[in-house]
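Take a look at the structures below.
Shared between the two complexes below is chain A, which has chain B as its partner in the first and chain C in the second.
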Partner chain A sequence: MTSLALAQILLNGLALGAAYALIALGFVIVINAVGAVNFAQGELVMAGGFAAIAIAPLVGDAAGLPGLLLLPLVMLLMGGLGVGFAHLAYFPLRKRPRVAVFVSTIAIGLVLQHLANAVFGAAPRVGPPLIAGDGPVVGGLTLSLQQLGVLGSAALLVSATGLFLGRTQTGRRMRAVAQDPEMAAAIGIRPARMITLSFALAVALAGAAGLLLSNQFFVSPNDGGLFMLKAYIAVTIGGWGRLDGAVLGALLIGLFETLVAAFTSYLVAEALLYGVLLAMLAFRPSGLLPERARTRV
Partner chain B sequence: MSAALLELRNVSVLRGGGIAVDKLDLSVSGGEIVALLGLNGAGKSSLLRAIMGLEQSESGAGRFRGRDLGMLATADRARLGIGYCPEGRRLFPGMTVSDTLHAACRAPARERAERIAEITRLFPLLDCILKQDCWRLSGGQQQVVAIARALMSAPEILLLDEPSLGLAPVICQELFPAIRRLADHGAGVLLAEQSLTHALSIADRVAVLHRGRLVLDAPVGGVSHDRLKHLLLSEGEHG
Partner chain C sequence: MSDRRSLLLLVGGAALTVYAVAFAGSYGHDVLTRAGIYAIAAIGYQLVFGRLGALSLAQGCFFGLGAYAAALTALDLGFGFPFTVIAGTALPVLLAALIAIPVLRLASHYFALATLGIAQLTLLAAINWTEVTGGANGLFGIPQISIAGLQIGFGLPLTAFVWTCVAVSLWISHRLTAGRRSLAVETLRAAPSAAAALGIDGAAIRFRFFLASAGFGGFAGALQAHAVGVVSPDVLSFHILVLLLAMTVIGGRDSPLGAVLGALLLVHLPEWFRDFADYYLVAYGAALLGAIIFLPNGLAGLLPERRTPRSEAKLPAPHPRRDAALSVEHVTKHFGGVAALDDVSISVAPGEIVGLIGPNGSGKTTLVNLISGIEKPGSGRIHFGNEDLTGRSPERIARTGIVRTFQHPQIAPGLTLGDSLEAVGPCDTEALLARVGLGERAGDLAGSLPPAAQKRLEIARALATGASLLALDEPAAGMNDIERADLAQLLKALAAEGHAILLVDHAMDFLLPLADRVVCLSAGRIVAEGTPKEIVQDPRAIRAYFGESPL
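Presenting the complex of A and B:
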């Protein structure tokens, strides 16, 4: 394998990992906000892909605008879905045992899957490209504008999420609620509002990932489970409850899958990835960046 | 001293299947420190939690500035001007001190910064720990941050639950005069304490809880130290 081919593989891996990072970020945000796993996160990625396919003819293709403009629209739409999701899957069950929330997210994920099947059909669909055409040639390597767009958009969204949670007043309040909702309320923060916002952000990020992945990897109603597993693995590898750990884990998964698939096959890469997960659980269950004492952010 | 900011009438609180606070009447005025004394399990923490809406009052009424607290959620009580510093501090461990203080204030950024500067003048040690994560702080530093967090919204009344618990005497010597200064600036303080010495060093009034019942409510000067000790320690007298 030439160094040029290797560079291309690494770029592909980074782009894939960056999209996974958005899924994993949303996954961790919900875990931290409500202490429960959102098992519908994968279906919400799939829904984002189909939302992009549905909206594209209205704004992108018809108006001759680049697909990149779809990203904020899809995120806005999915953010709204996240608000509804919180009020369906979480709030009615928030005083019940956590398992009730797990089951409700699974149920909503299945509803989304069947809905997508009914509306779009079972066959895989191609999502709109972010930016069509070939990009610049660097050192003999032709960079695809689509891949650069995916990488750039995901990097921008990961950074923006980090800045939002770390530097803004709303972000601080979301973190306070994630760490101690009762005490957060005692200093004047409304926990329900912050939890709703956390769901909206998590689902918007899932939707963005759905759009970014839909062109290269297509989208079909049954994709959700796979995305969900990737988020789960990323969080396990990176460190449970940590946003930076989730991003690191997702990038490593993307690189691992792409590199191993290039030398073997995608199926082997998948199988080995689960092997890595098992090894991680056996030898370093706290992940690469272990959660400090109750440091949810 | 002004008219009562906080008035509790016939308040009862249930906790863990038993009565934690039983038909209690108490008031706190602006500029006044009321020391709420009692042994472990006397109902001090339950009363403070009930005032914040964290514990359900079984009966009775609480009013703050004449407004009925019964229908207000915890966050609304805090926004109305009740500051709360719980037992055990309960800081947000993964957040820095600075972020914690900012999160507790609804004012624009400039006012928040001014407020932090103002509180830092009251508790100078805050200045060198603003960038630190809360989980790294010592017990004394955590206590100061917990009080500072409660002060960020400029509350008219401050509920302090066992601020001396686990603190070195030298820290207490700085902490309690600072609480007195807060009251001197007009805030009402309801101070739940087990340490008689610390509480009486700054309080204007003393209230003693015994198994949830208020057995004394008097000016500090109107009751002797021995009498207070007797009330706190005697078992059968109030049954």
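Presenting the complex of A and C:
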């Protein structure tokens, strides 16, 4: 295999991993906000893809950047869906064991999957390209504009999310609620509002990933399960509840999948990924990154 | 079981029989058979998801494995009926036993993921190991069930056979969870750390239930292989798991009959709502969501109350061992780089009340966690009498006679006060509840108590184990003055009977008059130790705990 082909594969893997990172980031934001696994995260990605397809005619081929123009619209729409999602999947069950929320998200995932099936049909549909046209050629390597677009948009969104949570007052409040809702409430933060916002952000990120993946990988109602699983594994690799870990885990999975699939087959890549996951859960459930010192004793 | 409930069940069973025999056509029989098969798998799922509260995502995998094992032994090895089903039951149980030890100790979110990973790997194997499994096409031509040369034909005979198996499964599940055992399991589900601290062997219960669930799943899958004659990777798909989950949630989390109701309903619904075609499945998801929100106990929760049989023997709580003193020697505990405890030694003799004080984060609760085995010390030893408890599991420590309570009460809110105590061991629950001032409320639900009363319930529960050393983590928090005075009385009386008591509390006016000795921790080290009188005058204790101003 030439180094050129390898570079191409790495670029593919990085773009895939970057889209996974958005999914995983949303997944981990919900974990931190309410301590529950969102099993519908994959269906929300799928919903984002279909949302993009549904509203694509609004934008048309505008300026050759249909997908990029759609991105904020899809995220806004999905953020709104996230508010509804919080009120269906979480708030009615907030006083019950967390597993009840796991089940409610499975139920909503099921509704979304079959709704998409009924409305759009089971056949895969192609989503709008981010940027129309062919990419530049650098040293014999054809850079696909689509992939560059995915990589760039994902990097932008991940950094923006990081800055939002880390540097803004609202972001800090969200993290305060995640750490200790009672204490946060005591200093005048309204936990319910911050939790709703976390869900909105998580679902918006899932929707963004749905749009980014919709052109190269198509959208089909039954894809959700795998996306959710990748996010789940990414968060396990990166350390439960860690934002940086989730992004790193997602990039690793994207690269791993693409590389292994290129040298063997997609089947081997998938099987190996689950094998690695199980080995990690057995031997190092705390994740790859070094553990942080516990602050509360 | 109450009479109304039994009557209702009898009527329901009779109605089902009449429908099956007199009204259901051959298609109706097929649907009933399918419902029965899923009911068996759901009865198994209920043990893990309903009883233990663990979201296993491998039940569909166990079901599918059972189907493949039965099909392969029938087709490739020429096994006859009982052996194919035995193989179909045994293979998933074997898999469950192999994965149980690493998987069952995982926290709930990782348990779900690990079981999902195993299910995905199995599905990949079924699709791609074509020479054995037939790949995506699967295996066909699996013979019908025949017993001693007598073939059980499709239609009513098969339906009757499957529902006989359902009845047997119900009976086995009942045996696994009947009586006092169900109380211990409920405590394990609702308050796992308390269960361990009370000596309930959670690991053994989880292991048994996980294997049993795999057995039921595999058995159902094997029946399915024979009933349908075809096995394809569909039997391993996530949909089967979601179906079983929905049956358990909609039918009822903790009632095996609920699983049967859920199976009957969910298998018949698509038949009744055929006209809705694609949207039926949307409604099915919505029904699952509605059930988890509005019917926490499922359809079975709508049936008349079921009463747990109470044990007849009213044993008084065993007397504490007067010979065993607790001695903690030079223990150290680090979290990350932070020393939570640094070279701490402490002892508590029978009949003695030792107060443990210190500012927040000084290591008081960590010390109680080490003594009760929830955390292991980095170095140092912990002895109780002649026994070395260092590194032992919480259950084993509890069974030597050391029982703790928790800063935030760990109770099973759905159990009555009497049942909460009964879960721990057969004892005179009323007398024990009366001792802690809850005598009138034996029939109330533990979850209906205010937090301060939950703490007293925890003490009664500890006494029900026959504990000789009580480690109480802030027992007086949230109590009013009268309640505190009652608690002080109780602790004095317990010490007079020979109980050793380690008392962690912030309220000095409560702790100082009670304690024989006081140990003051600060930043993980013992800074002062002595009688209450000495402590209030000790400048190090005052600095560490009382701040600059003395009492």
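Basically, the second predicted complex is superposed on the first by the 284 of 297 C-alpha atoms of A that agree within 3 Å, B and C clash if a C-alpha of one lies under 4 Å from a C-alpha of the other, contacts with A are read in each partner's own complex, and residues count from 1 in each chain.
The rule we apply is simple: a residue touches a chain if its C-beta (ideal position, glycine included) is under 8 Å from a C-beta of that chain, and two chains touch if they have at least 3 such contacts.
Predicted, not measured: the structure shown is a model, and the values here were computed from it.
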Quiz item: Among the partners chain B and chain C, which is in contact with a greater number of residues of chain A?
Solution: C
Quiz prompt | Partner chain in contact with A:275 - chain B first, chain C second, else both or neither | solution = second
Practice problem: Determine, under the contact definition given at the top, whether A:107 touches first (chain B), second (chain C), both, or neither. | Solution: second
Self-check item: First (chain B), second (chain C), both or neither touched by A:120
Solution: neither
Quiz item: Which residues would you name on chain A as touching chain B in one complex and chain C in the other?
Solution: 292-294, 296-297
Quiz prompt | Parts of chain C lying in touch with chain A, wherever the complex brings them together | solution = 49, 53-55, 102-103, 106-110, 112-114, 116-118, 120-121, 124, 128, 190, 238, 242, 245-246, 249, 278-279, 281-282, 284-286, 288-289, 292-293, 296, 335-338, 340, 361, 363, 365-366
Quiz item: Can you name the residues of chain B that touch chain A in the complex?
Solution: 52, 54, 73-75, 78-79, 84, 86, 90, 92-95, 99-100, 102-104, 106, 109, 133, 135, 149-150, 152-153
Self-check item: Contact footprint of chain C on chain A as seen in their complex
Solution: 31, 37, 88-89, 92-93, 96-100, 102-104, 106-111, 113-115, 117-118, 225, 229, 232-233, 236, 240, 267, 270-271, 274-275, 277-278, 281-282, 285, 291-294, 296-297
Quiz prompt | In the complex with chain B, residue positions of chain A that touch it | solution = 169, 172-173, 175-176, 179-180, 182-191, 292-297
